[in-house]
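Heads up, the next two complexes both have chain A, just with different partners, chain B and then chain C.
Right after this comes the complex of A and B.
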């Protein structure tokens, strides 16, 4: 209990320090006679908008994670438990999407997916944010596929043989014996993939999705005040840190907890 | 050379597959300049981040309490914030501030230099972690043996621990550096004329986004494939005998 309170105190102190550093840097930048309070006062008015932009980032990352995980799981199983052409196809797909730069894949989706697709009478529109989600889901798919592979091969082959001796077929073995053990080991690296994804999410601003960075730019051009540059980008860094650091911490905690002894 | 460009020109006129970088000298220049800057960004930030990683690992091993706290705070901040926003923060906020603080009329660092600084700091944080786990993997008996030979802590680190730790942490390092090379595309955002930027200039002029995208993906796959192969060779050559699976 005491430990937890101690940790909370430390986190608060860290954020306090971050805010003080950003303010100090912007104070150093403020060349006019006004104090820094007057300098950053306009920021308050934009705060809800910036937070909304940040929520767009979070939403996009969660959607991309869900889609990427669904497909990545299928490919991951394909490249581990199958043989022949399926295995080679899944392996190639995984390696390709793991090694291609995120921004290039994003550009690929933004430029090459049409505005809308017409299937018979349905018109399915593809607004930029949806293309952004697809563009981020592709590399996530490759990374999740590797996580699944790692989790599956970490289970000793004796488990497969024992299940075989119990006359379970391949799918029963996977469902009853392997997955319950493997899922636990996949969880920490899966969370690390999410941490990598949320770091990459602001890239969608480059390809024209309106997220926190776009909002920050609009705020800066609306105010036209160079003294705000530091606080606005600093605020974005603090927001992302506040969101990512606990996730990374939890992943590390689970990694230690589920480690093979 | 003439026949090659003629071939690609026919490919465009007959099949509409426009690989203009192979027959248009202006586009070819844009693309080769892109390759040059991507290579520059990658090489500079790979070496910079390795250097930073070694210094950080040394400070965590032998620095005082303050240095250790500082290094771990640095790792926390740079690992848990998006590299794109770090880049914007450096280029748009810190750059102008530093310039006005020093009272110069010209910006201190160009956009290329800021991209290198930002990428180096970003990847350095990850490299420190990898080196630290390598340092921790060096057997305590080895360090004690160095101690009993009368080596100072700095000597122990430089002559005993670092060579071993470097070899142990090569696989993790490989992963980080591949990531770093992929992240150099972020420099597009501050108009560094690297590969992606050059390609985008070509496709906004010639409207051949699909073709350029395919070329880009092939080039990046090749570069990263080459890099992983090279690292694999180094890894095999430097593997510690009897360590792990080797």
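Right after this comes the complex of A and C.
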């Protein structure tokens, strides 16, 4: 049942991608008498630049993921294993950043973070890409916090009780008993968060980061040829798909493997 | 380090006092009064069985003795620790070194091997030498007849084998009191016997044990003293023969009538 749904989803995804590529090529073909290969030839020239833009997206997504995961892990533990004010604070942070629109958070970071901070004699610059990383790290933090909470509460409370009876303290229990079991279960949803993040990363082009979408727009205006519109964005789609699909696939594989029995 | 932090009360405990002394213990969960003033004493080297209908507070009482549950009222002394007055983590840990517990669902750590399960607490909590702990762990696993299973994972073992690993794990702390919480209730009838044999041997070696059990015949054979609990109270207690052959209380008679 579930497998069939997965299979259908995969087929649909590939079908959609194929349509996009065909559309892009036919668009290029229709507007000119030349063959489509000649039509998209200028793309080759821009390829290194577009790839570089894509690598900027990858780099920003990885940085945002690392920062978001570090803070998400802390507030995830905070909202699960602590009581009182710490718990409420971490719960509030999680819910706020998990449910806020990513683009709005990005705009807030761009507008609220100054372009540089001066601490005594030190000038710390905040270029747009750094603000972009922070803006994306915030929703990642909220989502990772929920992943951590889910992983921790999936371990039966009897494991805590058994460790307690063996005189392990809270941190030993977490480190030796709970986390090794919970991490396995957190890994697939954590990878899913990353897949969502990489797909949201081109949003940073709106706030002035030189990422793949920004490069694509520059290429298109430099060429001044609307026939290239579909091939250029089609190429970006393929790049993102080629990067995301294996991650999503691995996540699904691990999900099945580490499924709660 | 931790032993020096024992509370003042425990200083008063003399060696001739019972090793476990529960006085007037009350415990409620919300509006549900689970224990309504329970008292019991266990002497060193003695095996005591707690029997009674489900929900009568047996498991709760056991958890009050090693401080997994805090009592509302009354006093609990176990192995020289004032359990009712535990505040600091260090005091709780000092208590658990002396009072070990085995659970109905074994609660082994599934990601660790049998040997790692047994060695975990002595190394992490008691900071004992790894080689020495390993030697002791292997000896204990032999004692519960699980030699050769050291590197197996709990999931690869039968229920009875897992429960014996849990017993070895509890013994690895070298406790002075063992608490058994319905340790055979989750087992197949065939594997019940091997676990009971292990417990019987422990009792014969003089390990102070408190057993919550539904195995009446086993309780009669092994225990030196029987306590019968019903609705949060100890209704009747006595030595096994008197208890089973000539129960005084109406509720005890009714319960035994159902069980036997």
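Basically, the second predicted complex is superposed on the first by the 232 of 261 C-alpha atoms of A that agree within 3 Å, B and C clash if a C-alpha of one lies under 4 Å from a C-alpha of the other, contacts with A are read in each partner's own complex, and residues count from 1 in each chain.
Everything below uses one rule, namely that contacts are C-beta pairs under 8 Å (C-beta built on N, C-alpha and C of every residue); 3 or more make two chains touch, one makes a residue touch a chain.
In this text, all values refer to a predicted model and were calculated from it rather than measured experimentally.
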Chain A as common anchor, with chain B and chain C clashing or fitting: fit
First, second, both or neither for A:203, with chain B first and chain C second: first
Chain B versus chain C as contact partner of A:87, first or second or both or neither: neither
Partner chain(s) touched by A:102 [first = chain B, second = chain C, both, neither]: first
Which superposed partner A:158 touches (first chain B, second chain C, both, neither): second
Shortest CA-CA distance in Å separating chain B from chain C in the superposed model: 22
Chain B/chain C common contact set on chain A: none
Residue ranges of chain A touching chain C (in the complex, touch as defined): 158-159, 161-170, 172, 176-177, 180-181
Parts of chain A lying in touch with chain B, wherever the complex brings them together: 14, 18, 25, 28-29, 31, 96, 99-104, 107-108, 111-112, 195, 198-203, 205-206, 213, 226, 229-230, 233-234, 236-237, 240-241, 244-245, 248
Of all residues in chain B, those that touch chain A in their complex: 73, 76-77, 79-86, 88-89, 92-94, 96-97, 100-101, 178, 182-186, 188-189, 196, 200, 203, 209-210, 213, 216-217, 220-221, 224-225
Residues of chain C defined as touching chain A within the complex: 66, 68, 89, 92-93, 96-97, 100-101, 103, 105, 107-111, 120-121, 124-125, 169-170, 173
